[in-house]
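Pasting a structure here, questions to come.
Each chain gets a letter, A, B and C, in the order it is written, and its residues are counted from 1.
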Amino acid sequence: MIFGEFVINTLSLGSLYALVALGLVFVYGILKLVNFAYGEYVMVAGYSMYILGAFTPVPWWVTMIVAVAMAALTSYLTELVAFRRVRQKSDNAALVTSFAVMVLLQNAVLLFVSPRARAVKLPSAFSESITILGVVTPLRNVLTIATTLVLLLGLTLLMKYTVLGIAMRAAADKFTTTRLMGVQANLVISFAFIISGFLAGVVSIFWVGRSASVDPLIGFTPLLIAFIATVIGGMNSLVGAVAGGYVYGLLFNILSITLPASMISYRDAFMFMIVILFLLLRPEGMIKGNYTEERVG
Amino acid sequence: MSLLQSPLSRMAKHSTAWILAAVLVVGAFVLNMAASGVIVDIYTYFCINLMLVLGLQIFMGNSGILNWTYVGFVGIGAYASSILSTSPAVKEMAVANMYPSLVELQTPIIPALIIGGLVAAAVAAAIAWPLMRLSNAVGVITLFATLIVIHVLMTQWDNVTNGPRTFFGVEYYTTIFIAAGAAAVTLVAAYYFRESSLGLRVRASRDDRFAAMACGVSVVGVRYYTFILSSFVAGLGGGIWAHYITSFSPKSFYMAEAFVLITMLVIGGAGSISGATIGAVIVTVMRESLRQIEGFLNNSGVIDFQVYGLTELTVAILMIIILIWRPEGIVGGQELRLPFVGSKHRSAESADEASS
Amino acid sequence: MLTIKDLNASYGAITALHGLSLEVEEGELVALLGTNGAGKSTTLKSICGVLKPTSGTVTFLGEEITGKTPEAILRKGISLVPEGREIFTSLTVSENLRLGAFSSYNKKRYQADLEEMFELFPILKDRFNQPGGLLSGGEQQQLAIARALMSHPKLLMLDEPSLGLSPTLVNQIFDLIAKLRERGTTILLVEQNAERAVHLADRVYVLNTGNLEFAGTPDQLEKELDIADVYFGGDGEGHHEVTL
């Protein structure tokens, strides 16, 4: 049943990566801003779980809701305090600001909590295993897949059938024209940041769930995964981001199995080289959005 | 007008660069005589950073593309020159797994530095062409990914770099004079590059890609050659840095350092040499004073825990404040002109800048 | 209704409008004419807030709206049909119209408004669930106008509605504009197709490289044009069409 195990692992990893990528693209699609601070929303949620678990008696489900809310709030606040004032004026300044926000949040945790990793209390479900179709797998994996499916369905409905969702899609297509419809620019952008942070918070639960600990640099890997997955899938398409997440999960698992042991430490480099090569052939990603400006010559 | 320009007035036109370069060198002499060792160290380090920032400016400032990979080329230059300049005996001790052929290799320091720059330029030449075709977010992410690839190679290829462990035993060579001289030369070179034909074309491609193409500028081509030049300065600067710091690990050429260099450039204003210089000054002063505070807090026992990250945190906050206040940097896109020289050229120059 | 005073606007270092003043009264159809680069679109962009004028004032219904955001100005009752139509190509016709009504959505009125749009633009009913990107140029133009009308604008601004359309479709669009005018919609129309626009307009403004060159009724323009034919490059026989 090695194949069954591989399938479930890949689906679970791919689901997590799809959520990671989706959160980044929500903001990118509208602002065309690559938000380097995105990984830190994952970190904020992780530390919220640590603090609530270690210092308060609240039940685990409250912890999780608060953690997700904290990530969404942080995302919104970074937009309100930093990005909003910079983004209209210069693209590079906005990019560097997002990097500065990333450095700021990381070092705030270094300074006020600790450079060392902290253990996070999780409900027992995260360490149990179950058997599906003869495959023994951590319950965590199944939860990841299920949560992702529910979220993707919810977001699809939101984007398709609510006026805010329509406005967000319109803004990703033609931002100024959307404002001409009376849609407040700040409303759409704030909402994009909140959804982005919300997804980062959900990702954090499962990300932290794998190691049951959180450290100041925990956000970096999700950020890189989001980069790769969105670039593979297409930076201008929500569907593309999800597809990119699953493809990345598959690629990662294949490389993990096929690379000889001596080369496994180069896995990340291989991943990135594949991405770079892929980009050179198809800079718009697997799924092309409306926006076409990626390649010069 | 160019016919009427005497060589002297040409000098006057570029007076900002020459004066800044002279100030750098004079500063080195004065500080070396009058100031304490700590100040000399800080000044030396500042000059090296300035050189690196100017190298970054050559590509990023003129092409408008955020270049994350730059610090990776600094690392390539640092490793290449250190491997060449360090004696086989030391290398055998310091880098346990090094290829025997590399252990044998040794050159004097100056050729080692130059070769370091050339190796960085060669790597850039080998990989950059396709990268220069990408724009916008995809370009940024790709350059970012390239830095990660370089970093992974540095940390994993322990037959060359000693892996994630420290590469030590590099000879101390970079004095305050060498650092100041290197920074001064880079400053003037970056200034003249900006005004050169290639510099002009790459700036045109930044301001309006399609108009530049319509004028016969090969956007990918001019970016490519500028990138190689910038990487050469990175490699050279990396070697000079390595022979100052004498021991280092791949960590020195990663996100944190990239952030410091990019911060310096963006705070000052990426479009101009004077901006890069002012940014380097501000960030150096900020960082060094914060370091002193952090060190004081940790050593004095005023508080009963160790302070980590205070410097970076504060720099990041100041950075955001400055960017909110002046998104184009403190100097902005124009070259700062010293008020007392070259004023008669102002009208022609400012017209040029207004159109850019 | 709309009063513009001494408006200056620029793109970077290039000034696009030099102290423009103009006025639109309620119920009027005002045509704003001029060659490429005369500053017509710049004027509309400055009115609707997409471009921040460097100086001067825009007053609408007695309230100064200079420098307000596009979304705020739309809520005051000014709706722009942008040049090039700017349909949301990935959104369906239905969704495009829904966004048009974003600022003033009212469930009951919305259905009635849709019915009214279907009457004005029957093709939109057939295409209701298709993506905007699949519509032809003429259909997109109709959708753009319908989308703008969904917000019940007090002033409708049209930027080159006939641009890039075949002669039959141009006729259709101008018939439509005439119909809108009969309904009492106040319209500020920017056109290259000067003759057709002048024919419909109550008053005409002519811009040339950012300066106001003529302001008056179509009749006055006809008279001036006889003298100015050489200047405008017309053929001297009353056919001033696109060359104006």
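In this section, a residue touches a chain if its C-beta (ideal position, glycine included) is under 8 Å from a C-beta of that chain, and two chains touch if they have at least 3 such contacts.
Not measured: the values here are computed from a predicted model.
Highest C-beta contact pair count among chain pairs: A-B. Comparing per-chain C-alpha centres with the mean over every protein C-alpha atom, the closest match is chain A. Per-chain CA centroids place chain B at a distance of 51 Å from chain C. Distance between chain A and chain C, defined via averaged C-alpha coordinates, is recorded as 43 Å.
Inter-chain centre distance (chain A to chain B, centres taken as mean C-alpha positions): 32 Å.
Across the complex, chain A meets chain B through its residues 28, 32, 34, 82, 85-86, 89-90, 92-93, 95-97, 99-101, 103-104, 106-111, 115, 224, 227-228, 231, 235, 265-266, 268-269, 272-273, 275-276, 279-280, 283, 293-297.
Residues 48, 50, 69-71, 74-75, 79-80, 82, 86, 88-91, 95, 98-100, 102-105, 147, 151 of chain C are the ones that touch chain A when the two sit in their complex. Interface residues of chain A, counted against chain C in their complex, comprise 163, 166-167, 169-170, 173-174, 176-185, 290. Interface residues of chain B, counted against chain A in their complex, comprise 64, 66, 130-142, 144-146, 148-149, 152-153, 156, 209, 218-220, 256, 259, 262-263, 266, 270, 307-310, 312-313, 315-317, 319-320, 323-324, 327-328.
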